[in-house]
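Below, chain A partners chain B and then partners chain C, in two separate complexes.
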Partner chain A sequence: MTLLLQLVANGLVVGGLLGLVALGLALIFGVMRVVNFAHGEFITLGAFATYLLVNNLGLSPLLGIPLSFVLGAAVGAFVQTVIIAPTAGRPELDVLMVTYALSIAALGLFSQAFGGDFRSYSQGPSGTLDIGGVVVGWRSLTVLLVCLAFGAATMFLMQRARIGIALRALAQNRDAAATCGIDVRRSELLAFSLAVGLAAAAGSLVSLIGTVTPNVGHEWVLDAFVVVVLGGMGSIGGAIIAAIGLGLIHSFASFLLDDSWAKILTYVLIYAALLVRPQGLLGRADA
Partner chain B sequence: MRKLSRRGMLGLTAAAVSATFTDGLRTPVSAADPIKLGASLSLTGRFSDSAKYCQEGYLLWSEQVNAKGGIGGRQVQIVIYDDESNPDTGRVLAERLIDRDGATVILGPYSSPITDAIGTAVERAQVPMIGTIASDSSIWNRRKLRWSFQGFPSSDFDHEGFLNTVKEKGGNAKKLAIVYEEAPFSIAAKDWALAKAKEMGLTVEAYGYNPGAQDFRSIIERIVAAGTELVSMGGYYQPSIALTRQMIERGYNPVAYHFIQAADGVTKDALGKNAEGIFGRSAWEASVDTPANKAFVESYKAKFNRIPSYHSAAAFAAGQVFEAALKAKGTDRAAIREFLATQSIESVLGHFKVNAKGQQEGYHYLATQWHDGVSHVVGGASKQPIIWPKPKWT
Partner chain C sequence: MLKGAAERSLFGVAATIAVAAIAAALPWFGVSSYVRTLVYYTAYFLALGQAWNLMSGLTGYVSFAHGALAGIGAYAVVIAMNAELPLWLALISAIIASVLASLIIGVTSLRLRGIAFTFATLFFQELVLLVVRKLSFAGGPGGIVLQEILPIWLPHVLMMAAAAGATIILLLIKRTRMGVRVLAIKDDETAATAIGINATRLKLVLFAVSAGIAGFTGAVHGLFASSLFPNVVFAVDISIIALAVPLIGGAGTAMGPVAGALLYVLIREALQVIAPGLHLTIVGLLLLAVILFMRDGIVPVLARLMARGKLPARAVPANGPGA
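The block that comes next holds the complex of A and B.
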């Protein structure tokens, strides 16, 4: 039983982080119908920002989480205004290529600025929490709690706040929403900023439990794309459920099998799920 | 006078054009010209941080040789191009170094993938190369390479130092886990370690992971469930740190822990006090007490005002090996190749000696361990005491 709970705890940590990344992707796709290939680079942004904060300014990495969120949101607002918004009305493939180009350019910038070597820090929460034989490190617990907090806040915003309702209206029917007086440009700006802020916060958390390189975002974003598809394109709730599900499946599968087979099994299960529900877990059939 | 046929005319024209182009590309060499050694180095891109240390080693070696009057009365000149950390670019640059610059030999690039790519170019042109920073021995297993020689200790022996320490200090610890990446160099090292561990009477289990993996929690659970006491990780630095951190987070304290990249100074930044007692392996350490090594460290410090890294030492060693070959055989490439393939040559890394495949056998890795924030050589001739068991994670 302890082993079972340990595997659940392990799966939740990975799933939580994946969910935070996927949340932003789902938000951008749901509201703007944009597949953001540059999302991984925003994770990298948060990871490097936190690393610099800890290494150069001697601050706590925990401070890096909100600061990365704010920095990410600001960069997101800039990118949306200067790069994404001018492509409004262009074919989806054009916008996709713009985000792809942005990803390549950002990766180049990170490589130029920081080189290819790994960076890491040891400051921050340390020690473990033992609950009835289930051991979770404080770093992992921090990751899980922060992901829960960001996830809950985003869900609250989407369900209860006026702007969240506007974003959901945009996701359901863009033209009808605009006709009802919703400011589309402002709403898109907010959605993109929020999504990039979440990605940067996720990057900050990644730096807490891993290492920082210019490629660090790429390693997470591919799985996050899978989560978004599995959850239902653009569905925020679906993305969260799919991320946690993927984290748990991977945790159990890689315990029972080796890493390669676990990955194969995970993707076979995803394929099977999409055969049964092509629209994803919580996606609409017409999405 | 016999008239030239059209075919004869074409032949003569082709010969003239060919001679003109060849002359244009390669200037005739005179005895006063420097001996050119070519190098493609990753001066930009993801390997640039480490490759610059390589460049320093090459330049220091050439300066010292030239200060002593060169080789056979000729100065040496190292022609270096930037391969941008890209294997394909490295291969193209090696062809340029050979065809256009007339490099007699090629000093190896940074990293195994680029060495592998350049290996193709030097085989085709039949120019000797020393793989300065190529630990991946599988390069020499996958195909027959006659002109490339491994200058770096072979990755096959990645776990050797740790297993020797286990033999000496292990006591009752009999269960070993080898964690390895599904990549040729790591698999070869794992295979060597499995055989060696079984020979030592250890119960050993190997755990593979996919390249790029960052989540080792399930592997750790399997290691814990098996009651494993000794862990040796044979992957790259990034997954090694991820594995270590997740072991700490899990509160799993093996009796002894080794990861092959641990000697790198970044380990201290990444793990802080938890680095204490972790074993690693190192191609070279400044503290190794030989006259040649001391002289190298002093001259490097005098020039660059810091202690050299193993990258610089390996580059300097590659220069020393070529120096011996050029002194013995002149600039005859085939004779240099033969010399490198058969001789034992002293360098700051140890005695360069390759096997029939061209893989390094003269020197292996040194075992290291972190003591009070410093990575020390342990075992062998070292007097440094070994911390055993590993202190518990904090």
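The block that comes next holds the complex of A and C.
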């Protein structure tokens, strides 16, 4: 029983992180109809930013999380304005390849700047918490809590704030929303910037519980893509359910088999899902 | 107009065969091994690029898995050769292996429109590496080595044939019924389906052919490399090159990947001296620049510029002579 709870706890931490990344992907796809293949590199950006802040400036990694969010949001706003917005109205292929090209270029830059070393730091929360036999590291608990906080704030923004309503309107019917006077350019800028901020914050959290390499974002984003497809493209609710589900599957499969088999299982699951329910858990059939 | 197009593609086929024949004869002309290797790699990237072009360039369904499909061909040929199969049978089994692998992606995702296929290829790229590292008959994480030592000219000649064959398919396909149907799908899949084209089957067949070419190309490269390590063979780089070469040169055109492959090999060689680590970054930035500023790729844009110099503007064909 304790073991079971332990595995659930581990799964929730991974699921929380996946959810944070997938939330951004779903937001971008829902509002802009763009699949952001560069999302993983924004995770890497946050991870390296935090690593450098902790290692070179001696700041606390907890401070690195909001700073990464702000950095990510700024980079996201820049990328949206300079690279993505000019492709508006072009064929889907063009926009797709633009984000992919960006991902290749950024991955190359990270590899050139940091090499293949595994980097980590020991500052920040440490030790473990024992809750009735279930041992949770303070670091993992921090990750889970921060994910919940970011997730709740984003959901609140989407449900209650004017801009959130505008974003949801855009996702539902772009033309009608534009006719009603919603500023499409500004809304897209906000959605992209927010999503990249979330990815960078997730990267910061990844650096807290794992090692930082130029590939770290790529590895996380693949699972996040699985989550987004499973949850239904552009469906935020579906993405969150799928993220937690995948986190749990990962945790159990890694324990029972090994890490590689857990990943193989994930991909087999996605092909099965494409066959049986291509619109995803909560996705619309036409999406 | 149509007659001109027919003459142009026949001329293209003749020129492709002639260039490939000269390139294939290089090992007997006593050129340096450096030049021969450059020619070999140009043909390798060209063949891979054309394989991608056949599916993704013509239909707009982007594949991120052509490197993995080629890798499957490489593994299949080495396993078959080590099992004492003759060369021709080993090459055929490589093609079959890649085609079967393409069906995993195709059957699950090609009924759907849009992005599902691209995701299926993205996951496939990762899945294959994970699975191959688990297979003991494929050598696991340590890889496998080709037992037989082949003469150096053999993979060279085969690769020229692969590049020429793939280019000729691209030159001729638009003149076939299948090619016209594919173009109809790219323009408007709903309309194409409405006039009775079975889009799913057509996409599946096209992707299988494309995978077969990638598998053959990968198999020849497997013979050339002779030692296969899963992390190298299934590195995402090969899939990136397979799509960057045609996209930079001009996706959906037969001559685009030729220009793309030449340019890519040139850049790779230049960077080898200046900054070997920046090679992917440069490819990414070049791809970004081409999509943002020369959206059709280099060859169609150059063709339009040349046509504009010679002819009055209204006589310029819509797709350009490179198409």
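Rule of thumb we're sticking to: the second predicted complex is superposed on the first by the 266 of 287 C-alpha atoms of A that agree within 3 Å, B and C clash if a C-alpha of one lies under 4 Å from a C-alpha of the other, contacts with A are read in each partner's own complex, and residues count from 1 in each chain.
Throughout what follows, contacts are C-beta pairs under 8 Å (C-beta built on N, C-alpha and C of every residue); 3 or more make two chains touch, one makes a residue touch a chain.
What you see is a predicted model; the values in this text were computed from it and never measured.
J.: For A:260, is the partner it touches chain B (first), chain C (second), both, or none of the two (neither)?
T.: A:260 contacts both chain B and chain C.
J.: Determine, under the contact definition given at the top, whether A:175 touches first (chain B), second (chain C), both, or neither.
T.: Neither partner.
J.: Now for A:128: first (chain B), second (chain C), both, or neither, which partner does it touch?
T.: First partner only, chain B.
J.: Have a look at where A:35 lands relative to chain B and chain C in the superposition and call it first, second, both or neither.
T.: In the superposition, A:35 touches chain C alone.
J.: Considering only touches as defined above, state whether A:111 meets chain B (first), chain C (second), both or neither.
T.: both
J.: Quick one: is A:83 in contact with chain B, with chain C, with both, or with neither? Answer first, second, both or neither.
T.: A:83: touches chain C, not chain B.
J.: Across the two complexes, what residues of chain A are contacted by chain B and by chain C?
T.: Overlap of chain B and chain C footprints on chain A: residues 111-112, 260, 263.
J.: Inside the complex, what are the residues of chain C that reach chain A?
T.: Residues in contact with chain A: 60, 62, 64, 104, 107-109, 111-112, 114-116, 118-120, 122-124, 126-127, 130-131, 133-134, 240, 243-244, 247, 275, 277-285, 287-288, 291-292, 295.
J.: Touching chain A in the complex: which residues of chain B?
T.: 44-50, 85, 182, 207-210, 212-215, 217-219, 221-222, 225, 237-238, 241-242, 245-246, 248-251, 266, 269-274, 394
J.: Write out the stretch or stretches of chain A touching chain C in their complex.
T.: For this pair, the touching residues of chain A are 35, 83, 86-87, 90-94, 96-98, 100-109, 111-112, 222, 225-226, 229, 233, 260-261, 263-264, 267-268, 270-271, 274-275, 278.
J.: For chain A, which residues count as touching chain B in their complex?
T.: 3, 6-7, 10, 13-14, 55, 111-112, 115-123, 126-128, 130, 135-137, 139-140, 209-211, 213-214, 219, 250-255, 258-260, 262-263
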